[in-house]
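Okay, structure first, notes after.
By written order: A, B, C, D and E. Residues from 1 in each chain.
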Amino acid sequence: MSELQKNEELLKITDLKTHFFTHKGVVPAVDGVSIEIPRRQIVGVVGESGCGKSVTAMSVLQLISRPGKIVGGSIRLDGRELVGADINEIRSIRGNKVSVIFQEPMTSLNPVYTVGRQVSEAITAHQAVSQEEARQRVVDMFKAVGIPEAEKRYKSYPHQLSGGLRQRVMIGMAMACQPQLLIADEPTTALDVTIEAQILHLMKQLEHDFGTSIMLITHNLGVVAEVCDYVYVMYAGKIMEQAGIFDLFDHTAHPYTKGLLNSIPKPTAEKRRLYNIKGMVPNLLRLPKGCRFSPRCEYARPECFEHEPELYDAGNQHLVRCFLYKNGGGPA
Amino acid sequence: MARYILKRVLISIPVLIGVVFVIFFMLNVVPGDPVTLMMGEHIKPDLIEAFRERMGLDDPFIVQFFNYLKNAVQGDFGMSYKLNREVSGLIFQAFPHTLKLTLWAALVAWIIGIPAGILSAVKQNTLVDRGFMTFSLMGVSMPVFWAGLLLQYVFAYKLGWLPVTGYKTWQAMIMPSLVLGWSSAGTIARLTRSNLLEIMKNDFIRTARAKGLKEGTVVVGHALKNAMLPVVTMMAIQVSSLLGGAVMTESIFGIPGLGRVAVSAIGDRDMPLLQGTIIFTTMLIIAGNLIADLLYSVLDPRIRVE
Amino acid sequence: MNRKYLALLLVLVLGVSTLAGCGAKAAGAEGAPAEKISYDNIMRLGEVTEVDTCDGQMTTEYYDIPFMIFDRLVEATSVGEGISEIIPGLAKSWDISDDGLVYTFHLQQGVKFHNGKDFTAEDVKYTFERMLLPETGAKNQDFISPIKGSQAMMDGAAKELEGLEIVDDFTVKMTLEQPFGAFLASLATPGCGIYDKETTMEAGKDFGLIPEKTIGTGPYYFKSWVLNDEKLILKNDSYWRGAPALDGISWKTVADADTMRMMFESGELDVFDCDYAPTQIGYFMSNDKYKGNTVIGNRVGIYYYTFNQSIEPFDDVRVRKALQMAIDRQSILDNLFDGRGQVLSGIMPPGLVGYNPNLPEIKYDLDAAKALLAEAGYPDGFEMTITQSTNSPDTLSRNEMVQAQLAKIGVKVTIEQVDEATWYAVRADGELPMYTTSWSADFNDPDNFLYTFFAPGNTQKRSFNFKNEALSNRVVAARAITDNDARMAEYQALEKAIIQDEAAWIPLFCKQHIFITSNRLKGFRVSWNGWTSTWHYYDGLHIEN
Amino acid sequence: MQEAIQAAEFAEETTRFMPPREDVEAELLDDTSIWSSLKSMLKNNKLAALSLAVIVIVILMAVFAPIVAPYDPNFQDADNLRFAAPSMAHWLGCDELGRDVFSRLIYGARVSLVIGLVPTLIAMTIGTVMGLMSGYMGKKVDFIIMRFADIVLAFPSLLLAMVVMYTLGASLVNIFIALSIVKWAGTARIVRAQTLSLKEKEFVEAAKAVGVKKWIIMMRHILPNCIPNLIVLFSLNIPDSIMSESSLSFLGIGAVPPSTSWGLMVYRGKQYLFNYPWLTLAPGVAILILVLAFNFLGDGVRDALDPYLKD
Amino acid sequence: MTQALLEKNAENPAVKGDLLEVDHVVKEFKVSGGFRKSSAVVHAVSDVSFSIREGETLAMVGESGCGKSTMGRLILQLLELTSGTIRFEGRDLGELSGEELRHIRKKMQIIFQDPYASLNPRMNVFQIISEPLTTHRVYATQKETEERVRELMRIVGIRPEFINRYPHQFSGGQRQRIGIARALALNPKLVVCDEPVSALDVSIQAQILNLLHDLQKEMQLTYLFISHDLGVVRYISDRVCVMFLGKLCEIGQTEDIFKDPLHPYTQFLLAAVPKPDPHLRREKKALLKGEMPSPVNPPSGCRFHTRCPYATDRCIQEEPQMREVRGRRVACHNVECLTIQ
């Protein structure tokens, strides 16, 4: 029934909790995150290392390995609940309806098999096609993702390709079954800027050509500004702010997001001191009481150290987890 | 490829010469005169001297060494003092039996070690893991001769299923290969396990899972081949340890192989025979290394010859 | 590309394994019979060390096959408990001159070697001269060295044996340097088997090594020899005494005695020689399964400990006597050999001509031993070393018992283990401090004991360094005493003087040689001297399946 | 400047830093020292903990053998106690000379342990020095040392040990020498490999940039970082030495009486397997358990130190 | 015009004020390629010349594999030159004796990229920071050394109480501070910063950049700042040199280069950087084709020609030399026509 609801988001993550049960204690890497990804959109998830953005993404396909575990919340893809679903059902979705590309194209490809074989495997895992047909589709896909001499590259091993080509192969693999959702986990971080520009361009093109939604995980606000339609900002396992791309940059609300934006060296001639957020990311094992950003926040008020703020609506699909916006207001 | 093999063979020559030298040196500083052992008790000293001279035993050490080397290159390892036969003949007679035993044992080691390693890795830190590792490590932890004797006692003496000794039939080969193979299965299981665990942490495993592959396909199709690469090189090291173990296995199971030759040669101070045997086994080990390297290069596309 | 390499690899692996297979076959073909041999009527025996040669002249250790494939001029056979007798062999009769110097042998006629050649006097002469020529490197010259001119040959000074004369095709005359009472007996030793001149010369170094080239006149011919595996002899259908009842005899080389025992018990061998596992005697003897399957023979031999008189304090006769008294020989015999033997106080064991049953007993007496030690200046004992060769757990047990026993009189024993070759080498240099070993008779004469051990030179070679030259010289002189009774009396006197007065060694005991046979093997006998190797493998032995 | 200091001071309360990858598990392991890794391994790996307990018990028994052993191991009472079956008085029975097997086992543990430890230590010390020099100095030094290692590694190790033992004669010290000769090359190879990778590390470059002398770099920067690897090697080499000794004993060139090693006991006892099985089973099982324990502990140690080895 | 002159003088080694002069430096690595491949030569740095003036920050930018890190290590004598000369304070480093080199090392230090690999995990903070001091026996007593270490820790913003802690007890940013303290221990003149912030999160990156900036002012440091992050480079540097595949493309004042890049590679590089401002998003972006060529077989002529949309036949055949164009130095045959476009 829910499948019929036309306006349903493609992916709806509600109050997701993914914790890691280490011998030192429980690490709440993702601590109640809600993300919605509409069809045909590029949604960015930004944050610094350890904020839980990748864990969130991996939770969607349940690629969390021990000692991590999804302990609560719901992930609905096209109205189907994925949390608690049968592993075979998840498997039928992986690489088929939802696929992933990773940060390191070198280590993400198996060094002992040809790239062609690895990509065609993604097809044959989900569709009953002949080897030859799978092969043809891989070659077509290679062409689509801009791999020159696709026929020849089919037989190449990962180490014979450059970083950029490898990432194209990864994207080709992800797109092989024409998924509805592509999760891109820091897809350009390991690449040089000129290659990064190529890959970002390719992703936008794919979104355009195939109508694939993209969940883009990154720490680079430049990349976000370049390609995303809507952005979630994460900090220490929680969403701090979410807004449309222009809203986020033009009306930055959360002190953390502001801090992040101000930390980036600006393209101005003056050599002023850079703004920096004091302190560092908290240890998830010992989260501060109240707002988890409060110890680093210059606007922190006594209540910030006591209570955890919720996401408050700042209008125009702009939500902020900060008491400053409790009543729709903003910082002075 | 051919050039590479040639290069490797050339590189191993100095190593071989070194081996010959070490053995030659060690055996020449030991007490006990082989000549008096060979000759009758009533031979006059001057005849013994004449014999020594004829055998070149009076030459300076280094001259003897080079003479030996010269002959060895032509395939002449001299005559066994004790057995009065050509050393090369003795070695070639014994070698096939050792090779057969070693290959069988290697097979057993792999049949026990690899599945045990895989299962232990997949079920890491469970009872299954501990059980399989214990089983395969037990082979390493028992003196070969003791394990052999117990097996003989149970399967040949008590149950009568298998012959106590022998090497001509497959039934006879079961126990020796089991004893010897088991003794190196632990190493293989351990290596397979740790490699597999290591490989399973790799990003490409996550990629494979993300493709929607079944866990079995991920392990066997993606992890195993990578994990097997170092295990293949292990073969080389195994040649050495299997040959060592064969010394005892052959004694217990009455297999007329190189190990027996070496043991009796040492006991008899039969220098030419001992030298020949050790040099030959060394060549086997070097060849094993070479084969392992070649295998590695065949299996691993990253270092494959283009 | 990938496929090609895999194919290559496959070929490689297959190649290696086929090579192994072929190799095994090739190796088999060299020595092992190509045709399938049925072991139904073949006696299967085992031994722990591989043999270096089957040429009886070249070995002092291994006589099984030389006994069976060659005949000697005369044979020694046991005719009763501990009594042996010389019977005709290739010599059907012989005359001895009155002065005991000239032996004339009349040879059997019509005897053929395994290759069909006739046996003649020429073969006897060749065989004896071959033994003496230095280039042969033979080791058993002792047995024929009494023949005149043998020393000259051994020194390389003569090419022919002066004392051996071919009278005609079937008569040989041998002249001795001096009378030697045990000469006939020594000709019955396995080292004196007669070879075929022509084939032996042809075979050269291969004689005794390659079965086809090792030709004799014996009841069996040498069929095959796979080193470290099996030696096989098959019956000589045209044996001059008549073909043996067995189809053949096989010796399996099994390096490990415990494995061998299991092979016997699971029916893979027909005879188990308890010498390989003396500790198992009790087990076999008390096991109902083997009742009636034990064959016991007295070993005409003796276990003993030596003293090296060049080493302090063994140069003191009181110390030597004290040690003689401090060892509980009966306990060793009981514990290590299940008591199957007899404690001895001399040199000559029962069963040897000249054995003296009335020799005073050396008593186990710790107090007397301590007193003697104190008298010699060692009231608190001293430290000493017993040397043994490695890989001999039985010797080790014996030494450990002695170690514990001597501790009771304050003597601290260190057991030193060296490998066999070193042990022999050091012993030959006269430098082993103390060791234990055994000796059994090659031929039935005291000379085989006293001369071997206490002739000048020999005592040094065995690391006794026996200092009483007068006694040593008497040992040599005794050889030439022609009157047998007088000779025996002299030997008994010498025995008492050397062992009891001089305390030159510690006699322990003689022991029984026990064999356990399979149910199917009948008529197994022990040779007169208790050896494993026996000429009796011909006589009366058969298999009932 | 002031601001920077403030920020840093603030940081002290939250000493955790998330590395670039969100691999929480690995990152948490990384934080611990060798010692605490081992401790937590023992807590989590019951088998390794049990193994350690076994080893400690054996070591204690060996050290306090005169107190623990109920009898003098060399006291013989062949006439009364020969092959006495296990009983309350003699837990593991008596041997062919009437000696108490249990007491001999305890004393034998001394020799077996010493043979496990000493040659391993010697070999690894030599191997470490060689490996360090070879890896760090490179060029000719490397070439020469590695060719020596090749020679040793090309030998069938048991045969080499046998030859050495025959050359030198059977004795405890010679076993040490033989096993050390056989084993140093393996360590050298591994240390060399690690030195080669450590040599490229930035902290070594930093030291070079400062002008620190070669051998100080080796000792201060390279060697300490090889330690996890050496610990693993050590724990896995010990059982190997114990087994080698038993092989040498079988060939009659192992431990020499009156000292008795477990290998020797197994070898001498095996002839009584049929009738008096405890003579060979007791020491055999003892070896099995001890070597297994070392192997399990070694495996545990390796698992625990794995993050260090990858550095 | 004056600036152009200044720039020109700066490139002239004869002019005083140059702390470091790099002259036609070439570095080739022989790669044996393991045993299976025939050995190859990697042309890591090919004929590079530039100089650094005292007190300035020269940034060296380029993509991975362009040879910028190798250049840094060559300057510090951590690698041997294949050819060319490097002069520090006018002295040819290649001709120094071991002792002189040790002495001069005090004046040149390095800060590394990876805060994890750059500190010895088995040494505590005191040992790490004091190593330069003890190596050069700066202080006679342990106490003085410790005092200095504590001072350095204060300077870089690590609480001196942590002196006995080990690296793993610190965060990446703090480790980087320790690395900086070690580099500063001997009061160096030149500090080579090899991607000092690229492994750090944005917020920490800002802290470290500020620290480096402050330190430069206080201690009159000269930086060679190696980075691939153009934003960071623009923030911190006075001058920039751009490298491509072992060669220098362009060198000049930072602002000049960022506002008006001359070399086609510099242009593409700057265009490729994602701007943290969605309003600057362009649908059609000028993208650089292809991948970085291999330094084992660098392209003939201009090394950039395989990717350069403006490449002519001349570019394929003839290697462009560095020449002065509008106040900076560029290695491109077609600079003039390009800028006209």
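The rule we apply is simple: contacts are C-beta pairs under 8 Å (C-beta built on N, C-alpha and C of every residue); 3 or more make two chains touch, one makes a residue touch a chain.
Nothing here was measured: the structure is a model prediction, and the numbers come from that model.
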Completion exercise
Separation of chain B from chain D in touching-chain steps, minimised, is 1
Practice task
Return the chain pair with more inter-chain C-beta contacts, choosing between A-B and B-C.
Solution key: B-C
Practice task
Could you pull out the chain whose C-alpha mean position is farthest off from that of chain E?
Solution key: C
Practice task
Report, in whole Å, the distance between the mean C-alpha point of chain A and the mean C-alpha point of chain E.
Solution key: 33
Fill in the blank from the handout: Per the C-alpha centroid definition, the whole-Å distance linking chain A and chain D comes out as 48
Practice task
Using mean C-alpha positions as chain centres, tell me how far chain A is from chain C in Å, no decimals.
Solution key: 89
Practice task
Would you kindly tell me how far, in whole Å, the mean C-alpha position of chain E lies from that of chain B?
Solution key: 53
Practice task
Among the residues of chain D, pick out those that touch two or more other chains and give their numbers.
Solution key: 3, 7, 11, 15-17, 19-20, 44, 166, 251, 267, 270, 273-274
Problem - In chain E, residues with contacts to at least two other chains - result: 171, 173, 207, 210
Exercise for the section: Find every residue in chain C that makes contact with two or more other chains and list them. Expected result: 258, 391, 419, 422
Handout entry: Parts of chain D lying in touch with chain C, wherever the complex brings them together
Key = 74-76, 78-79, 82, 96-98, 166, 169-170, 251-253, 256-258, 267-268, 270-275
Handout entry: Contacting residues of chain A [partner chain E, same complex]
Key = 48-49, 162-165, 192-198, 200-201, 219-226, 245-246, 249, 259-261, 263-267, 269, 271, 273-277, 280-281
Completion exercise
chain B contacts chain A in the complex at 202-204, 206-214, 217, 221-222, 225-226, 229, 299-302
Exercise for the section: Enumerate the contact residues on chain C facing chain B in the complex. Expected result: 1-2, 5-6, 8-9, 12, 16-17, 19-24, 26-28, 30, 49-50, 52-53, 134, 137-142, 145, 154-156, 205, 209, 226-229, 252-256, 258-259, 262-263, 265-266, 268, 391, 419-422, 424-426, 428, 461
Completion exercise
chain D residues touching chain E in their complex are 1, 3-5, 7-9, 11-12, 15-17, 19-20, 30-33, 201-203, 205-213, 216, 220-221, 224-225, 227, 311
